[in-house]
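Two complexes, one shared chain (subunit A), two partners (subunit B, subunit C).
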Partner chain A sequence: MDVVISQAFTGASYGAALLLIALGLSLTFGQMGVINMAHGEFLMAGAYSAYLTQKLVTNADFSLVLAIPIAFCVAGLLGLLLEVLVISRMYHRALDTLLVTFGVSLVLQQAAKDLFGAQAKAVEAPGWLDGQIPVLGYRYPLSQMFILVLAIACLAGMAALLKYTGFGRQIRATVQNRDLAETVGVSTRRIDRLTFFIGSGLAGVAGVAVTLITATESTMGSEYIIWAFLVVVAGGIGQIKGAVIAAFGLGIMRAFLTYWTDGSMAVVLTFLIVVAFLQLRPQGLFAVRTRSLA
Partner chain B sequence: MKSRARLVAGTAAALSAALVLTGCGSKSDDGGESSAAKGCVDTSGDSVKLGFLNSMSGPMSISESTVSDALNLAAEQINAEGGILGKKIEPVQEDGASEPTVFAEKATKLIQSDCVAAVFGGWTSSSRVAMRPVFKSLNNILFYPVQYEGLEADHNIFYTGATTNQQIIPALDFLKKEKKIESIFLAGSDYVFPRTANKIIKQYAAANDIKVVGEEYQPLDQGAWGTAVDKIVSTKPDVVFNTINGDSNVAFLKAYDEKGLDASSIPIVSVSIAEEEAAAIPVDLTGQMTSWNYYQTVEGETNSAFVKAFKDKFGQDRPTSDPMEAAYTSLWLYKAMVEKAETFDVDDVIDAAGGISFDAPEGKVTINGENHHIAKTALIGEVQKDKLIKTIWSSGEPIEPDPFLKTYDWWDPSKE
Partner chain C sequence: MTDTMTQPIEVSAPPRAPRRSPLRAYLPLVGIAVLAVFLLVIAPAALSSFRLNNLGKYCCYAIAAVGIGLAWGRGGMLVLGQGLFFGIGAYAMGMHLKLEAAGPDAVPDFMMNFGSGVLPAWWEPFRSGPFTILAIVVIPAVVAGVLGLAVFKRRIKGAYFAILSQALTVAFAALLVSQIKYTGGQTGLNSLSTFFGYNLYDPVNKQMIYFIAAGLLVVMLLVTFQLYRSRFGELLVATRDAEERVRFLGYDPANIKVVAFVIAAVMASIGGAMFVPMAGLINPREVSALASIMLIAGVALGGRASLLGPAIGALAVGYGRTSLSESFPDQWTYFLGGLFIVVILFIPNGLTSVIPKAWRALASTQRTRTKVGEAA
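Then we have the complex of A and B:
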């Protein structure tokens, strides 16, 4: 029983980190159909933002919270720049976008290495995240709970945005039928840019969260990007509730598999299970219902 | 013009070298079979080219660029003393790009196009294994500066980092005799070094009444250590033996810290965390142990001179670490080998190697002519508050390298 609880929590924490990264991706990849390989580098930009914020503020208790909006803006602006300069020129050319954004990810990695040096940077966790709180007999680390809370907050924010705001309605209209949305006066170009800004910004927030888990260095994005794509694909493209279930499902599955086998085998088994699942349900957990005629 | 004068002084030695080495005095460009085997090393001028092959890009550049710095420092110091056999070292830096195949390509390029007399570098075992056939077929010398899993001895390679009986086994002896441990947990990255090291540890443990309560691996680029740390919490070992490599260590130690573990509850002995890595881990590591053959804090004039020279050249905030020291030492050992052989000829230099000693920053080291490793002193260190590492136990004298563990009766390579 102890094992079940501890692994459920460890897995859920990992799932929360995956969800944060996948949320942004489900917007840009899911809603806009852009395969953005540089999404992981926006996460890296967010992590370096946290590092720089800490350098400037020095008070670790405060800097992590301050870093969240900063990282959102930094990564969001990078994303906006990428959208305007590169991606907007190749919508509906999925393979080209994939290759170009992969190139951009390499450029960003090298730029980070030149700016910050090859050595990994240390981002200190705030003092108020030290320690654990007992939940159902499991000593749940506060820093992991923080990631979970942050993921849920971002999720709620995004769901509310999509559901209740005019901007959210315009996004949904654009996804469901771009031509019709344009006919009724929605500026789809503007919507594309804003969506990309928010999606990339969320990757930046994920980057701040990830500094609590791992090292801040130029290639950190590549560990997460594959998992994030896995979450989006398994959850059903364009489906936020699918992404939520897939992120926590994958995280918890990986934790239990790691417990029963070992870390390497768990990665292999998780991928095998996802591949088998996609054979049975190629559309993922939930399929998007579009109203386009195509 | 000083070098010109030195050249004259060294002519007698160089002359005999030229006599031994047919075709060495002049550079041959035809690249035919015989010249490839003989090499095209040009020592007719007042300099000698040496290849430095380190990853300056890719994930390994974090570690390997520091090795390149140490090599450049050694070259500068040797040149200031007049070079090797009166010839200035002319370093040719190549980037291995963290890819074993690139290492093999660049090694070939260094030997065949740049005509270097020897190559210094490599870090991962896969980079070394990829370069091995190149040095054999082109008959050149590789100096490899990193501790590794042992079980290898190549005619064309000199290993100046520790083999397992100079790092892993002394750490186990220390844990058994000084810390009186009864149980151990193994955590490592999933590749050849941790797998081999853990095989050795398990056989040692079986022969010494130590219980292995867990063995965990994560792929090198993955950092999901939470579950493994949960297992450490539930199995309560006396010590964790950490063979994790690279940034994955940060994720491991953060998870360790998050779950409330530290050196006073369950100490860790790490064999891949040196000063540079410790500084990048934002967790209190005070009291955690490491096993190496060199720390920046090693006492003695040679080391203080080395540390000072390094910091003066590369910055006061830069620490010096074991692989850097081993690389620095390797260039000085090469100088001694060439001067003993009185030629740059590869075969003569290799033949001259046995018994050569050097007063290195880590202490006295001696090349073993049989297996091409060097005798080194093992040092168990404890991480201090400032992330520097202090020696808490020493093997006292250099340990003879035994890469195949022939002198350990509990070792059976065929057994799992």
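Then we have the complex of A and C:
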């Protein structure tokens, strides 16, 4: 029983990190039909931002909190740059953006390796995240709980932004019907850039979060990106609700499968489960109902 | 928009289809012949044994690339995970050669070190050469067939398919690393000594293996040429461009896609199998997502939808990788990344599309010049 609870919580924290990455992916994919393979490198940029912030501030208690907005901006600006320079030129070739952004991801990975060295960097966890909190008899590490709380906070912020602000309304309008949104005066170009900024920024925040559970290195993005894509695929594209359920579902499933078998077997099994799941629901958990044939 | 209401609509004659001589359809055969002469006559005469062996490895990539051209260029399926099938072929061949190296009734060395020292039952059949050759064709075909049916019948396509195929490759590579008892883990299968009884280090045998690989590439190109000319080839392009119309015409696009995917998988597997005797080893790095992406890079560079483009692109990328990573190991990644960005952004149809265009432009300027000359 203890094992079940501990694995469930470990999985939930991993799922929370996945959710942060997948939110941005799901947004940009849903709105622009663009697959951004460099999204994982925005996560890496966020993690290195946390590392650099710690180097500069030196006070670990304070630097992690400070790193969150910094990472958001760094990753967001990188995303914005990518959108303006590359992706905006090829909106009519969605599948090709996947390859171009893969190229960008290779370049960014190598650049990080050259800048920070091939060795993994450790970001020190702040002292106030040192303890554990007893939940249902399991001593839940505060650092893992922090990831969960951070993800929920970002999710709530995102949902509020989409629901209550003018920007959010415009984003939703663009997702639902781009042409119609444009006709009523929404600058979809501007909205695209904004969405890309926010989506990439969230990956940066995720990067700060995962410094608490993994080492910071140049290839860390490619590890998470596949999982995040599986979340998006299983949850349904452009669906926050689906992304939440899929992220926690996959995260917890991964924890249990890793416990019962091993890390790589867990990847294989999860993949097979996702393919089997897509047999039941080819559009993911929640599909936008449409009469279009495509 | 409003002008069209008031102005009379100009009816222009439909653009005349370019006149094509029936001989033009056979033009790719000339290309294949030129490539064959280069690979089978010029290269063996001109290159040192070491360079020839390297060229043979690029030929293996090219065989896989021809399949990618078929699935991606003609079929519109972005197969991001061909490393999986390359790996299946390579490991099947590797297992056979490893058992050959161990000798009859013996167990491969790594199994003594990491495993129980007993040959697992599923390794046993790979002692047989014919079984191995059969496995190299049948296993990827079955895997691709099952996966293709599961995916395409449910109309999962585009990016979804690309992501799934890549995830599968990542999973496969991770599995190879972790199942060290059966696969040799990170080091893979190495210290091979013979190829179906022939010593791998004998220069004559090495050349023979090169000829098999290069010959297989030429054969694959001929097969693909015939496929592109067939009804199947037409249907494949039609499915790529307008899947719904194909469906309305009474075909099942899923079946067409599955067939193309299976052919591509078998080609990748054959390429992988021939790669092993020339490299002398196989390890998970050759199977990884990055290896798969390199194959895609070659196809994109050469021209995804053309017949020769993928093969030539793969040869070029293979050569570029060796020569660049010899001198600047780190810069190679920048180069590969930059290649993707530049090629996909600016020349999406690859280099083979640029050359005829440039040729036509050159020819037309010459024609106008002669016309001007006549007028004067």
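In this text, the second predicted complex is superposed on the first by the 288 of 294 C-alpha atoms of A that agree within 3 Å, B and C clash if a C-alpha of one lies under 4 Å from a C-alpha of the other, contacts with A are read in each partner's own complex, and residues count from 1 in each chain.
To be clear about the criterion, a contact is a pair of C-beta atoms (placed from the backbone, for glycine too) under 8 Å apart; a residue touches a chain by one contact, two chains touch by 3 or more.
Everything numeric in this text was worked out from a predicted model, so none of it was measured.
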Side-by-side fit of subunit B and subunit C on subunit A, or clash
clash
Taking the superposition on A as described, I'd like to know which of subunit B and subunit C A:Val275 touches: first, second, both or neither.
second
I'd like to know which partner A:Ser6 touches here: subunit B for first, subunit C for second, both or neither.
first
For A:Val65, is the partner it touches subunit B (first), subunit C (second), both, or none of the two (neither)?
neither
Subunit B versus subunit C as contact partner of A:Arg89, first or second or both or neither
second
Would you sort A:Arg254 into first (subunit B), second (subunit C), both or neither based on which partner it touches?
first
Scan A:Leu99 for contacts with subunit B and subunit C and give back first, second, both or neither.
second
Between subunit B (first) and subunit C (second), which, if any, makes contact with A:Gln132: first, second, both or neither?
first
Which of the two partners, first being subunit B and second being subunit C, lies in contact with A:Val267: first, second, both, or neither?
both
Answer with first, second, both or neither: which of subunit B and subunit C does A:Ala122 touch in the superposed model?
first
Which of the stretches 114-122, 132-140, 150-158 or 204-212 of subunit C runs into subunit B once the two complexes are superposed on chain A?
114-122
Contacts of subunit A common to subunit B and subunit C in the A-superposed view 110, 113, 222, 262-264, 267
Spell out the residues on subunit A that touch subunit B in their complex, using ranges where they run on.
2-3, 6-7, 10-11, 13-14, 110, 113, 118-125, 131-132, 139, 141, 143-144, 212-215, 217, 219-220, 222-223, 254-255, 258-259, 262-264, 266-267
Taking the complex as given, what residues does subunit A use to touch subunit C?
29, 35, 86, 89-90, 93-96, 98-100, 102-107, 109-110, 113-114, 222, 226, 229-230, 233, 262-265, 267-268, 271, 274-275, 278-279, 282, 293-294
Which bits of subunit B are touching subunit A when the two form their complex?
57, 59, 61-62, 65, 190, 215-219, 221-228, 230-231, 234, 247, 250-251, 254-255, 258-260, 276, 279-282
Under the touch definition given earlier, write down the residues of subunit C that touch subunit A in their complex.
76, 78, 80, 147, 150-151, 154-156, 158-160, 162-164, 166-168, 170-172, 174-175, 177-179, 244, 289, 293, 296, 300, 330, 333-334, 336-341, 344-345, 348
